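Reading through the structure tokens given below for one structure.
As written, the chains take the letters A, B and C, and residue 1 is the first residue of each chain.
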């Protein structure tokens, strides 16, 4: 439309801006998760992830621990508040600015930085913006310095601690491997079975073919829920029980309608001449399938592989039913939904990190193979 | 011995008869061309010979063996498809080797066959390319090469040139003719809807129409002695003029009074039974000549349009009576040597030699009775 | 017999699951190829050899059987995992908690009378109405907006991205939007910046919490709708659009009168596909609210009974099946039409 004479560019401004808004809206939640996964627990609870790149005002509690010097009419303690033992680790990245301080927990920011505060019993406390403090007392202060509360700008802090925790302590490593173990066979096996069937449905002539295709189309929408109870019972009777073998078989069965449907749609579109040419060349159906159909159907095979991979990787339902519920066989989705959300519902950093670990692989697959995925979606839906 | 013999071959899809009563003998070394309008079943017949389509009636023999139930690969045929049907994921070399590998030929044999075919078709520089890196003409040659390497008894071509542009089509047509020359023993069956291809390549042409064979013969047979109105109009361009008339004289020659006033004399023989019959008189545009002053004419009319093509001029006549505008060829056309643009709007009278005047009764040529020439000597040998 | 952590037991000996997985791939793939190869070989060489006097007839017979060799594994798996369960589930739903306790249609009667079920059914109806409509609408909107944009593919790719994320992951992501804390949840942060005092828990607002849950699925599915509708828009013959421009149609008319009618078929397909999905997804409700606060839907309601009362669970599943049935029939009719 850009080429059309007299076309106003005002509209395309509106279009650009609307799309920007939509994309930002769509990304915000994921970005939030991503940012949060790199933040410390304390930071998460005092400031939103959208403030993460900025310094935040945090309230600290510490105790003066400098040398006490006797002077005329009393004692003085001087030092830098950021250097005091209780908070030193928080300011290793560099000094900060104190905005206010106080001596009581109920009013931690009672005095603006720089003021000399009378804190009773003839004691005074002064904390400057650069963190230096002066404490004076008429009497010998004893072996403990004064309690000091202060508010300070804290630089943004990002950490990999959450990842370290999630990947080591919380059993997500095990779950990650379990997910991988479920996913790969459950992706590879249905492809082969479906490809042969799809070829027969696309290019072989036999009575009942139309009926079978209709059946596949129908099975495409059968709710998974129907299969849960009968199949689990069957697995139990067969001695498979709740196991990896069971879930592989289940995923294979559940993935087949889409696989057959997608691959058949694609194979039907292959040029008839090529297939007949191969027949004239003397290829048997098996040779034809292996040497001509399979290589030419690669885009559809890839598309289904991506689908099935995403589906099995992301699945919660089948895993809950067909895998044992012990810790050793939990996949990531179950782990997150049942363990982390339940027992550590408040630890947002861990939650965010676990979620991000679980979606990282699908995201990589998604962005690298998007081309095939889109093509597959189209083969499956538009036809 | 007939290399290929079709006896009462028929094809139907369910209740729809696409082809029936196909009888045809093809001798070794012939190049047979199937022509006919689109949808008449040329491809279907070819594919039945290939074994890609089940034969629903009759019998097909290759080398004396009934092959109705023999799978394609075992019929000793090779086929070149209109779309080339190259395997897109294989190089030119692998495309050509595919059939041989399946037949478990030795490496040396395969290599020898490929290099021979590549030499004949000048494909040597392209052997390791994928089909998508080839031009249309090159792809076509690979498709042909793929059939050559198999050294088949019968080559089948289904409109192999129709995806090429005009210039390439002529060049490739000549290549195919040369190829045939180089392999005098191989039989070829070639499907096309292009009559120039048919006329230039064929040793014999099979005209298909209406689900059956309309006529079989050499190109000149069809041009000079069409068996029926369909073949008469299908072969030759512009198409033969067909003008209505009534037989007024019979015998070794036939005299016709034309409906629009003229008279015609034809070398076609007729019998007394033909006297007074309504017939169509067929004259090819290139056979018309101006009638002598005071002499008889077959057709007279006012020139509507002239098309000067240089060496010849096409004259289109107002026919007046023909209201059948659906048929584009209803206008009478004459092709005269030289330039005659000045004739536009003029009244012109046309006639033709008796040897070039065809007579059709009920759509069938008077020259044939029961499919046999009645008086071959009546037609002057060329 | 509790398996050692990290190992699963298979017939009494232990091996790491990864090894077992690899083995399964090898056995599965090898088995498939072996099956197809050997069964074809058997057919062609032993049962109906293409030699001797009956060669022609044998070849024909072999070719009649071959399709079934190709189809057998798929038909077997489909039959076992999808056809049998339809019958099996229905049959099981006629029994009570114990599989030997015949109760007829009692499960259904009790479900119909239960408040929770009615709530779940009603909520599910809401989901079925709202989610496909919104996802399709937004998908179409984005598809149209990005159609002629130079960076349209990047925008589409980003909006498509949630497709790759699990429902569980998506729910967690949205917890960071909905959290009942102005320092974590975006919604409450916005409320706070507008001057509202106390944070609210949107998951506990009766009735409306359902819609907040739906937003998550819409967020995921819009990308799917967009990809397909965008391709459909591209597939519209350019000439019809140019003709309409020459006829003086403005962009709105162009979109609603020329484009949308031409992709109506695709819109319907997208709509039904998402509808079917809505009836399967239990993860979001399960993760976000566990079905509390009046957010239960049928799939999550069924999971409440799973492992506890198989009779009730299968009855709920079968009701979902009945809800899906019209779509299934329509799909089949559509597919059969296309094949002609």
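Criterion: contacts are C-beta pairs under 8 Å (C-beta built on N, C-alpha and C of every residue); 3 or more make two chains touch, one makes a residue touch a chain.
The structure presented is a predicted model; accordingly, all values stated were derived computationally and were not measured.
*Asks:* Taking touching chains as linked, do they make an open path (line), a single closed cycle (ring), a hub with spokes (star), an all-linked set (complete), or other?
*Replies:* Its topology is that of a complete graph.
*Asks:* Which chain maximises the distance between its CA centroid and that of subunit B?
*Replies:* Of all the other chains, the one whose centre lies farthest from subunit B is A.
*Asks:* Report the inter-centroid distance (CA atoms only) between subunit B and subunit C in whole Å.
*Replies:* Going by mean C-alpha positions, subunit B sits 57 Å from subunit C.
*Asks:* On a C-alpha centroid basis, what's the spacing between subunit A and subunit B, in Å?
*Replies:* From the centre of subunit A to the centre of subunit B is 69 Å.
*Asks:* I'd like to verify one number: the distance from the centre of subunit A to the centre of subunit C, where each centre is the average of its C-alpha atoms, in whole angstrom.
*Replies:* Each chain reduced to its C-alpha mean, subunit A and subunit C end up 21 Å apart.
*Asks:* Which positions in subunit B are in touch with at least two other chains?
*Replies:* 71
*Asks:* Which residues does subunit C have that touch at least 2 chains other than itself?
*Replies:* none
*Asks:* Write out the stretch or stretches of subunit C touching subunit B in their complex.
*Replies:* So the residues of subunit C in touch with subunit B come to 50, 55-57, 59-60.
*Asks:* Can you list the residues on subunit A that touch subunit C in the complex?
*Replies:* 1-2, 4, 11-12, 15-16, 18-19, 22-23, 26-30, 32-33, 36, 44-50, 174, 177-178, 180-182, 184-185, 188-190, 192-194, 196-197, 199-201, 204-206, 209-210, 212-231, 233-234, 243-245, 248-250, 252-254, 256-257, 260, 284-286, 289, 310, 313-317, 320-321, 324, 326-329, 333, 336-337, 341, 348, 351-352, 354-355, 358-359, 362-363, 365-367, 370, 374, 377-378, 381-383
*Asks:* Per the contact definition, I'd like the list of subunit A residues that touch subunit B in the complex.
*Replies:* Touching subunit B from subunit A are residues 271, 273-274, 276-283, 287, 291-292, 295-296.
*Asks:* In their complex, what parts of subunit B are in touch with subunit C?
*Replies:* 68-71
*Asks:* Can you check the complex and tell me which residues of subunit C touch subunit A?
*Replies:* Spelled out, the residues of subunit C in touch with subunit A are 2-8, 10, 17-18, 20-21, 24-25, 28-29, 32-33, 36-37, 40, 44, 63-64, 66-68, 70-71, 73-75, 77-78, 80-86, 88-89, 92, 99, 141-142, 145-146, 148-149, 152, 155, 157-169, 172-177, 179, 181-184, 186, 189, 219, 222, 224, 227-228, 231-232, 235, 245, 251, 266, 269-270, 273, 276, 279-280, 282-283, 286-287, 299, 302-303, 306, 310, 313-314, 316-318, 320-321, 324, 327-328, 331-332, 335-336, 338-339.
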